[in-house]
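Let me begin by presenting the structure, written as C-alpha cells, before commenting on it.
A, B and C are the chain letters, set down in written order, and residue numbers restart from 1 in every chain.
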Amino acid sequence: MIGMLQRLGASTLETAATLGRAVLFLLRVLRGSGELIRRPGLLVHEMYSVGVLTLVIIVVSGLFVGMVLALQGYYTLVDFGAEQSLGVLVALSLTRELGPVVTALLFAGRAGSALTAEIGLMKATEQLAGMEMMAVDPEHRVIAPRLAAAILSLPLLTVIFNVLGVTGAWLVSVNLLGVDGGSFWSQMQSQVSFSDDILNGLIKSVMFGVVAGWIAVFNGYDCRPTSHGVSRATTRTVVVTSLIVLGLDFVLTALMFD
Amino acid sequence: MDNSRTMEIAVGAFVAAGLAALFVLAMQVSNITAFQRTEGYTVDAYFQNVGGLRERAPVSLSGVQIGRVSAIRLDPDRFEARVELTIRSEYDNLPSDTAARVRTSGLLGEQYVSLQPGGMPDSLGPGDEITLTQSALVLEEIVGQFLYEQSSGDDQ
Amino acid sequence: MPWRILQHSSRIDISEAIRMPTTESEALIDLSGVVFSRGSNRLFNGVDLQVRRGEVVAIMGPSGTGKTTLLRLIGGQLRAAAGRVAVDGQAVDQLSRRDLYRLRRRMGVLFQSGALFTDMTCFENVAFPLREHTDLPETLIRTVVLMKLEAVGLRGARDLYPGELSGGMSRRVSLARALALDPEIILYDEPFAGQDPISMGALMQLIRQLNDALGLTSVVVSHDVDETLRIADRAYVISGGEVIAAGTPEALRHSESRWVDQFLNALPDGPVPFHYPAPPIADDLCGEGR
C-alpha cells in the first residue's frame, strides 16, 4: 500500500519535472527562433522533411476519408431523401474535426516520430554536444527550425487534406452514387461558413502543430542517449501526441462551436 | 547546390498547394462565394417572419434556382424582415407583381425563397420591391391556430 | 601548407625539434580543487590540473574515472560543484552564455565518436563552423575547408558521408572540423580508442604536429598509455577522483607509485582491483546477500 503510494508520488513528481523541463525548453527554443528570419534556408530544409515528405500519406488518406464519409453518409441520408446534404455533412465533418485531428495524428506518426528519432540519435552520437562545443546552440540551430516547420506545415497539410476529402466525397457521391452535383455544392456552400468552420479548423490545426512539434522535438532532446532511450522516446512521441491532440480537440470544440 | 534547389522547389510547391487548397476551401466549399455575387441585380422583399431563412439561401422559380438571398435584416420602421434577393441578370424579365414566399425544401430541408411570377407586363428592376409576400410557415403558429379554431368550434 | 603530414621517418624527431618553449606562468587551462559528482557518485574530489600554452598534456586513467567529464568541465558544458575551472584566466562556470560561446570558439573538441553530422558530407561538416560563425564568401569557405581536409589527409574524401568513412577517417574529419575556426586549444577525447595501429600512428602524428606547427595547446584524454605518453609533454594520471601522479612521461615511467606502475604496465590486479566492489562471493552464492 505504502509502496503504491510511493510509486504514485514518484511518478507524479517525475511527470511534473518533465513538464517543467518541456516548458522551459519551449521558451528557450522560441527565444532562439528569431534567427530563422535571418536564415530562412534552415526552415526550408526542415519544411521539406517535415511537410513535403508527409504529403503523400496526407493526400491518400484525405481522399479515402472523404470517399468513405460520402459512402457511409449516403446510406443513412438516402433513407430521408436528404442525400443532397451529403456535401454539407462531409465538408463540415472535415473542416471542423476530421481534417485537423486526422492530419495531426498522421503527422505525429510520420513526421513527429521521425523528428524525435533524428534529434535523439543526434544526441546519442554526441552531435548536439559537438555543436555546443563549436559554440553553436543546438536549441537554436537544430530545434527551432524543426519546431517552426512543424507549426507551419500542419495547417498546410490540414487544408490539403480537407480539399482532397471533399474531392473524394464529390467523386463518390456525384460520379458514383448519382447525387446531384449542383445541390451537392450549393448546399455545402450555403451551410459551411468560412469564418466559423474553416477558420476555426485552421486555428485548431495551428494549435495541433504547436503541440505535435513541441512534443516531438522535446522527446528527442530529452531522451536517454541510448538506442533503447531513442526508441522509447519515439513511441512516446506518437502516443502522447495522439492523446493530447484528441483531448485538446475536445476542449477547442467546446470553446469554438457553442 | 542542386540538391538544395530541388528541396526549395518542393517546399515552394508544398506551400503553394496549401494556399491553393485554402483558396478552394474558401471559394468552393464555404459561403465566401458571396464575394462573387456581382452577377445579377437585387430586389427587396419584406416578410413578417422569415423563419429559419439564412443568408445565401437559394431563390428559386418553379424549382429552378435563379438567385440567392444576399442579406436579411430588420427594417426598423416597419418591424418587418427586409430580405435582399440577388437575381441572376439573365432573368431580368420577372413581372413586377411577382410574389415571394419562404418555403422549406422537403420536411426537414433548408428554407429558401420561392417566387411566383404574376401577369403584369412591366418587369422588376434593380432596387424594386416585391410587395406580395408570404411568410414562413411556423409550425407552432399553425398548431396554435388549429387548436383555437377547434375550441371556438366547440363553443358553437 | 608549410608542414608535411605523414612523414613516417621523422615522426618523433619533428615533434622533439619544434617543441614550443613554455613558461611556468602561462597556465591556459587551470583547474584547482575541482569537485564534481554525478548522482551519488563523486567523480572528482579536488582535482588540480594546469595546462600551459603550447603544451600537449595527457590526462590518463582507467575507464570510468570521468576523463570525458573533465573535458566537459573545461568546455563549460558541466559545472563543477566546487573549485575553479579557468580557461585563459576566465572562470568558465561564471561566464555568461555569450562569453562562454565566445570562449568556445577558441576551443576545438574531438569527440570520441567523432560526432560528425551524419546528414552532411565531410566537406559540409568541416564547413559547418565557418558557415555558422563567419560570413565568408563561398569560395573562401571552400578554400579553408579544403586546406583543413588536406591537413588531415582527407581532401579526397570530401564528398563522402560520415557513414562511408572508417573510424579513423571520421576522427580525422572531425579533427579538421575542430580546426576550422583556427582554435587555440584542442581537446581530444580518447582519440586512439578502437583504432588500428596505422590510423593510431596517423592520429598521434597529427596531434603532435598540429600542436607545434599551429601553436596550439592540446589536452589529450586517453587510456592508451604508450601512444599518449609518446606525444605528450606532460601527463596527469587520475584515479579515484584525484590526480595521483603528474609529470613528464619520463618521470611517470620511473614513478615509485604502485598504482602508476599498475596502470602504465597494464597489470590486471593491483591497487585498482580486478573486481567491482562486492560482498564476499561465498555470502552471495549462499544467499546471504539478499
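Note that in this section a contact is a pair of C-beta atoms (placed from the backbone, for glycine too) under 8 Å apart; a residue touches a chain by one contact, two chains touch by 3 or more.
Owing to the predicted nature of the structure, the values given are computational and were not obtained by experimental measurement.
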{"item": "Chain contact graph, described as a line, ring, star, complete graph or other shape", "value": "line"}
{"item": "Innermost chain, taking as reference the mean of every protein Cα atom displayed", "value": "A"}
{"item": "Separation of mean Cα positions, chain C and chain A [Å, integer]", "value": "44"}
{"item": "Distance between chain centroids, defined by C-alpha means - chain A, chain B (Å)", "value": "37"}
{"item": "Computed distance of Cα centres, chain C from chain B, in Å", "value": "79"}
{"item": "Chain B contact footprint on chain A (complex, rising order)", "value": "41, 44-45, 47-48, 51-52, 55, 80-82, 84-85, 91, 95, 153, 155-157, 159-160, 162-163, 166, 182, 185-194, 197-198, 202"}
{"item": "For the chain B and chain A complex, residues of the former touching the latter", "value": "4, 7-8, 10-11, 13-15, 17-19, 21-22, 24-26, 28-33, 54, 56-58, 65, 106, 108-110"}
{"item": "Of all residues in chain A, those that touch chain C in their complex", "value": "121-122, 125-127, 129-130, 132-137, 141"}
{"item": "Complex contact set, residues of chain C against chain A", "value": "72, 75, 77, 101-102, 104-105, 107, 109, 111-113, 115-118, 128-129, 132-133, 174, 177, 181"}
